[in-house]
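Here come two complexes built around chain A, the first alongside chain B, the second alongside chain C.
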Partner chain A sequence: MSSIAKQQPKPLTRSVIWTLALGWLAVTLLPLAFVLFTSLKSQQDTFDSPVWALPTHIDWSHYASVLQSGFFTYLRNSLFVVGLSVLLIVIVSAMAAYALARLKFRFNKPLFALIVAGMIVPLHITLVPIYLMTKAIGLYDTPFALIGPYVATSLPVSIFILAEFMRQIPRELEEAAELDGCGPFTIFRRIFLPLSGPGVATVAIYNAIGLWNEFIFAYVLTSSPGNRTLPLALWDFQGEYSSNIPAMLAVVTLTSLPLIVAYAFGQERIVKGMMAGSLKG
Partner chain B sequence: MTQITLQSVHKTYGGAVPVIRNVDLDIGAGEFCVFLGPSGCGKSTLLRMVAGLEAISAGDLHIGGVRMNDVPPAHREVAMVFQNYALYPHMSLFENMAFGLRQARVDPKEIERRVQDAAKILQITHLLDRLPKALSGGQRQRVAIGRAIVRQPSVFLFDEPLSNLDAALRVHMRTEIARLHREFNRASAIYVTHDQTEAMALADKIVLLRAGQGMLEHGSVAQIGSPMDLYHRPRDLFVAGFLGSPRMNFLPATVQSAERGEITLQIDGNSGGERLRLAAGIVAPAAGSRVTLGIRPEHLAAGPSDGSAAITRRVRQVEHFGEYSYVYLDGTEGEEDLIAKVIGHSPARPGDNESFSIPSGDCHVFDAAGFALPRVQA
Partner chain C sequence: MNTHATVAAVPLARRRHRSARQLAPAIFLAPAVALLAMFLVYPLLQSFRLSLLEWNGLGENSVFVGLANWVSLAKDGLFWHALGNNLLLGLFSVLIQLPIAMALALLLDKAGRGSRTLKILYFLPLLFSSVALGVIFKNIYDPNFGPINAALNALGLPALAKDWLGDRSYALAAVTAVICWQNVPFYMILFLAGLASFPPDLREAATLDGASDATIFWKIKLPHLQGTVRTAAMLAVIGSLRYFDLIYVMTGGGPEGASELMATYMYRTVFSSFQLGYGSTVASAMFLVVTLIAAVGMRLTKRFETEV
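Right, the complex of A and B next:
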C-alpha cells in the first residue's frame, strides 16, 4: 500500500474549477432552456414578458400545430435516410477497416492514407458534381439521393476509427482462429466484428448525430417537402411561421429532441469508444 | 515412426539477416520435444513454422510423412496453446473449445462429447458457461489446453504456455501438462520455453537453439538430445553454459601434456595458475593448445583432494540456502568468477582461501573453437 497520500486539489484550485464548470454549463444549457421555455409561451407572452422570463402559462398549441403540419413526414424521411446510411457505413467501414488493419497486401498503407485523407476534403466543393451526378442517374429529389453522399463522406473517419480499434485486437486471436479453420471473412465476422462492438457503436452514434443535422446535401439534392429531412423543416417552417417565434422554437425543439435522447443514452459509449484506443487492453 | 521432420529449414525476414538457419530435426510419434534457447534464437518462430503461422523460407517440413510447407494451419492436424491463452473473449468456455470443431462441421453431439470429456480431464466442467474474463490465469490456461485437446491433433504445440503464471502455479501446471501428454501419448508435442527447468522436467528431447553470431556461423541448432545428454555431454561452450543453474565454471587453460589417457592443463593466472592432471579419458589436442576446462558447481568438491587436480581461490561471498550453499570464488586474471555448490552448510567465509578438487570424470574440456573434446571410446 502506498504510504504517499493522494494529493487533494487546493481549495482555490477547486473553486476555479467549479466556477469554470458552472460557467460552461450555463453557456450550453441556457440557450436550450430559452428555446424550451419560449416555445411554451403564447405569442402575446413572448412579446410582453422579458426574454428570460418563464411562461406565465404553458401553451402546447404550437407543438400541436407543428406536428399536424407535415412534421412527421420530415421525421420519417430523416429516420429512413439516416438509418439506412448508418447501416451501410457500419458494414462497409467495418470490412474496409479489417482489411486495412489486418490483411497483408500491396499498397495497404498508401491506400489507408488516401482514405483517411478523404476526411480533409471540404463537402462544399463536391456539391455541384454530386448534384449533376444525382440528376443524371434520376435520383434527384428522392430520399435515396442523400444516401450515397452521406455514406461516402462518412467513410473516411469511420474507417479510421474502426481500423485503430481492430489493430488493438491481439494477433493471437486471429492465429487461433486460423488454426480453427477460419478464413479471413469468418475471422472478420466471428471474431473481429463482435470484439469491435464499442468501435462500431461509436461509429454508428457519431455518424447518426452528424447525418441527422446534415443540411447542405439535403437542401441541394431534394426540393419537394415530401422528400425533405428534418434539418430542412425549420427552413420550410420559416415561411409558414415567419412571425410566430414560439412556433419556430417548437420546431427547433422537436427537431433536436431525438438527438438529445440518443446522446443521453449513447454518450458513455461514445466516450468509451473514443478512449479505448488509448488504453492497453 | 517419425511424426515431424524438418529438413534444412531456414527462415529469413525480407531477405535480410536469417532468423533460423539450417534446422534438421526428427520428432517421433508420442515424443515430447522442447525447443529451448535464449531470447531471439527463433524458437517461437520455428514452432510457428510447424503450425503454419509463419512461412518457411527454405527447407521442408513433413508431418506424418506428408509435406506441409504449403498446407494451411487448419489442415496440418496440429493444435496450439498460446502464451497468452488466445481465448475468444466474447465466447463462453464451451464455445471457445467447440469453435474449431464447429468450423470443421463436426457433428454437434460429437462436439458436446469431446468438450465434456476434455473439461472433465482438466477439471473445468463447472466453468463451461463462463466467459474467459471471469477466470484466473491457471483456469484460462486449462481452457486453452482443452481447446487443443478436443481437436485430437497429431501434434500439440505449446508456445511458452506457463510464462504468464506465478511460480507455484507454473510448477503445478507443468505436472498437469506432463500428465496430459501421457494420456494422449500417440500425439507428439513441441514445447517452446526459455526456462531450462521446464525443459529438463518435461522433455524427452531438447533442441537447444542458438542466437546471434553463433547461429550465423554454426546454424541455429546447438545440440539435440535427451536432457541428461545435454547436461552431462554438452557439445560446446554454449550448451555447457546455458544448461545448469548456476552455470558451468569455465577455466581457460593450456595443454601441457597428454599421455596414457591423462591430460595436464596449466590454468591461466597472473601469478601462476594451477597445474591440473586429469584422467579425463578425452582425446587431447597437442601440447601448447589452448583449451577451456569446464566443471559444474556441484562437482567442485570442497577440501583438498588426494589427487593432483585441485584449485585454490579466495572466497568472495557465501550464500546459504539450508539444503546447500553457494560459494563464490574470485577468478584469476582472464578467468570469470567461479561458483561452487556445497551440500549443506559451508564453513567458508568471505576472505578465506578455499581449495576445491576437480574430479576427472566430471570435467569437460573444450578446444579453442569452443567444442567439447571427444571422449576416448572404451
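Right, the complex of A and C next:
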C-alpha cells in the first residue's frame, strides 16, 4: 500500500483513534485476563478479595489437579481425531476437487453444484440419524465415531476451496504432462497436489480449528471421559468442579492453550485460513 | 478404417491409459461421494423419515403417525418462540457487530504503525471454542461472584446488578453480547480487506476536492464496500440460525425457554424428552428454514463475492 497517497491524520484525530482502538482491546482482553488471573488464585482468595484483585500468591494447584485427572486423555483423543480427520479431508477433497476442476465427464457441473449446496446444510439435522447409525454399527463411544461425520461435513467447503484453487493452475502444465504420456493419476500426484499447497494449507487450518473446537457431535457420539475430546473436558469437569471457580477456569486455560500457542507461531496463516474457510462456507 | 483396427493399432500401454482415463473421474470422486452419501444425504433423508414417526428411540416400538408431528409443530408455540429468538439473534448480530466491526476496521486502516499488533490481539476470541466461552462468560455473568456485578456494586450502582443468565428478561441479551464479542473481529478483518482494496487515488482526489473524512466514508468507501457488507450480514444471519453450543452451555435455552433456539429445542426434545420423531421434525423444519434463508441470501450476495 502506498504511504504517500495516505496522508497522516492530525494529532487530535490520532489520539481519538488510539483511544477507541485501545478501548476495544480492553474489551477483548479483560475477560481473558479474568480467566487467567482467577485460575491462579486460591479458592479462599476468590471469596476474600474482589474479583479484579490480582492473586495474592500464584497458586498452581488447580492446574496440577486438572492435569492429573485425565486432561491428557482428552488431549490425546483430540489430537488423534483432528489429525486423522484433517488428513482424510485433505486427501479426499483434493481428489474430488481435481476431478471436478479438470476432468471431463457427464455430470460434472450438477455434481459440483450439489456438493457445494452441502455447505448450507445445518449439521444439526444429521445429528439424530448419525447418532442412531453410530450405535447400530457399534462405534458409539469411541473416538472413531467422530471421524466419519467430521470428514464428511468438512468436504463441501474443502472441495469448493480446492476446486477454485486448481482451476487456476495453468492448463499448459497438464498438456505437457499428457504429451509425455502421463495419465490423470500421475498428473494429480505430480502436478496438482504439489501446486495446490496454499489451498491445502487453508483447508487444513480451517478444518483443524473448527474440528478442534467441535462440541455437539463429540457430545452426542461419545459418553465416557476416556473417549472424549478437549471441548468435552470442559463439559465433564464442569460437573466435577461446579463450585471451584479457579479450577474450572484452569480447565478453560488449558483447553484453549494449544490453539493459542499455534496462533503465536502462525497468526497470518491462521487468520487467512479461518477467514477464507468461513467466507466460502 | 474400422474401430477394431484402431484399437489394435494403439499400443497396449496407451489403451490401458485410455481406460484409466475413462474411469478416472469415478475413482477420484468415489471416496467423497461415498462419505457425503453416508453422513450427509442419508441422514438428511432419514431425518425427514423419522419426522413421520412417534418413537422414544429405544427398541422397535416406533409408530408411523404421518404428518401428525408436522401439524403439532405448526401449533407448537415453543418452536415458533425459538425461531423468533434465532431471528432476533440474527438481527442484533447484524445491528451490533457490523457497525462496531466497521468502526474498528476504519480505525485500524488509519492507525498505520501498530495496527498489526492490534489486529492480532483482536482476533484472539475467535480461537476459543464455544464451550470455553460459555464457561468463561457464565463466570463473568455470575450474580454473586462475577466481575460485572462486582463492578456495578463497587461503582455504587447495585440496582443495575442482575442475575444476567437467570433472569428471563436478560438471558438472550447476555448471550447475544458474548456472540458479538467473539465475532466482531471476524467482520472487522473482512472489512479491513475490503478497505485495503480501496483505490488510494480515489481518496486523494476526494480530499483535494475538499471532502471531509465523513463524506469520504459515506459517499465513497461505504458504497465501495457494499458487497462486503452484504456478505457479512448474510454470514451473521445464517450463523445465528444455527447457534447451539454457546447457548446450550450458558443457559441450556432457559430460563423457562427465554433463550431457546431451534437447535437447543431440537436437542432437548430428542435427548431429554426422548421424542426422536418429534425432535426430527424440529430438525427438519430447521433445515428448511436455514436452506430457504441461505438460498435467498446467496442470491442477494452472489454478485458481490469478496476475497480476503
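For this structure, a couple of remarks:
Keep in mind that, in the parts below, the second predicted complex is superposed on the first by the 244 of 281 C-alpha atoms of A that agree within 3 Å, B and C clash if a C-alpha of one lies under 4 Å from a C-alpha of the other, contacts with A are read in each partner's own complex, and residues count from 1 in each chain.
Note that in this section a residue touches a chain if its C-beta (ideal position, glycine included) is under 8 Å from a C-beta of that chain, and two chains touch if they have at least 3 such contacts.
The shown structure was predicted, so the numbers you read here are calculated from the model rather than taken from an experiment.
In the superposed model, A:Asp180 makes contact with chain B only, not with chain C.
Set against each other, chain B and chain C touch different numbers of residues in chain A, with C touching more.
In the superposition on chain A, A:Pro170 makes contact with chain B only, while chain C stays out of contact range. In the overlay built on the shared chain, the residue A:His124 is in contact with chain C alone; chain B does not reach it. In the overlay built on the shared chain, the residue A:Val116 is in contact with neither chain B nor chain C. Contact with neither chain B nor chain C is seen for A:Leu67 once the two complexes are overlaid on the shared chain.
Once the two complexes are laid over each other on the shared chain, residue contacts for A:Ile216 go to chain C alone; chain B is not touched.
Residue contacts after overlaying the shared chain place A:Pro194 against chain B, while chain C stays out of touching range. Once the two complexes are overlaid on the shared chain, A:Leu75 sits clear of chain B and of chain C alike. When both complexes are overlaid on chain A, the residue A:Leu139 reaches neither chain B nor chain C.
In the superposition on chain A, the residues of chain A touched by chain B in one structure and by chain C in the other are 181. In the complex of the two chains, the chain A residues touching chain B come out as 170, 172-173, 175-182, 186, 190-191, 194-195.
Chain C contributes residues 13, 17, 20-21, 24-26, 28-29, 31-33, 35-36, 38-40, 42-44, 46-47, 50, 57, 100, 103-104, 107-108, 110-112, 115, 118-132, 135-137, 139-140, 145-147, 150-151, 154, 181, 184-186, 189-190, 193, 196, 200-201, 203-204, 207, 231, 235, 238, 241-242, 244-245, 248-249, 262-263, 266-267, 270-271, 276, 279-280, 283-284, 286-287, 290-291, 294-295, 298, 306, 308 to its touches with chain A in the complex.
Chain contact summary for the complex, chain A toward chain C: residues 1-2, 5-9, 13, 17-18, 20-21, 24-25, 27-29, 31-32, 34-35, 38, 46, 50-52, 91-93, 95-96, 98-100, 103, 105, 108, 111, 115, 118, 120-130, 132-133, 148-149, 151-153, 155-156, 159, 181, 183-185, 188, 209, 212-216, 220, 230-232, 234-235, 238, 245, 248-249, 251-252, 255-256, 259-260, 263, 267, 270-272, 274-276, 278-279. Remark: chain B residues 51-53, 72-74, 78-80, 82-84, 86-90, 99-100, 103-104, 147 touch chain A in the complex.
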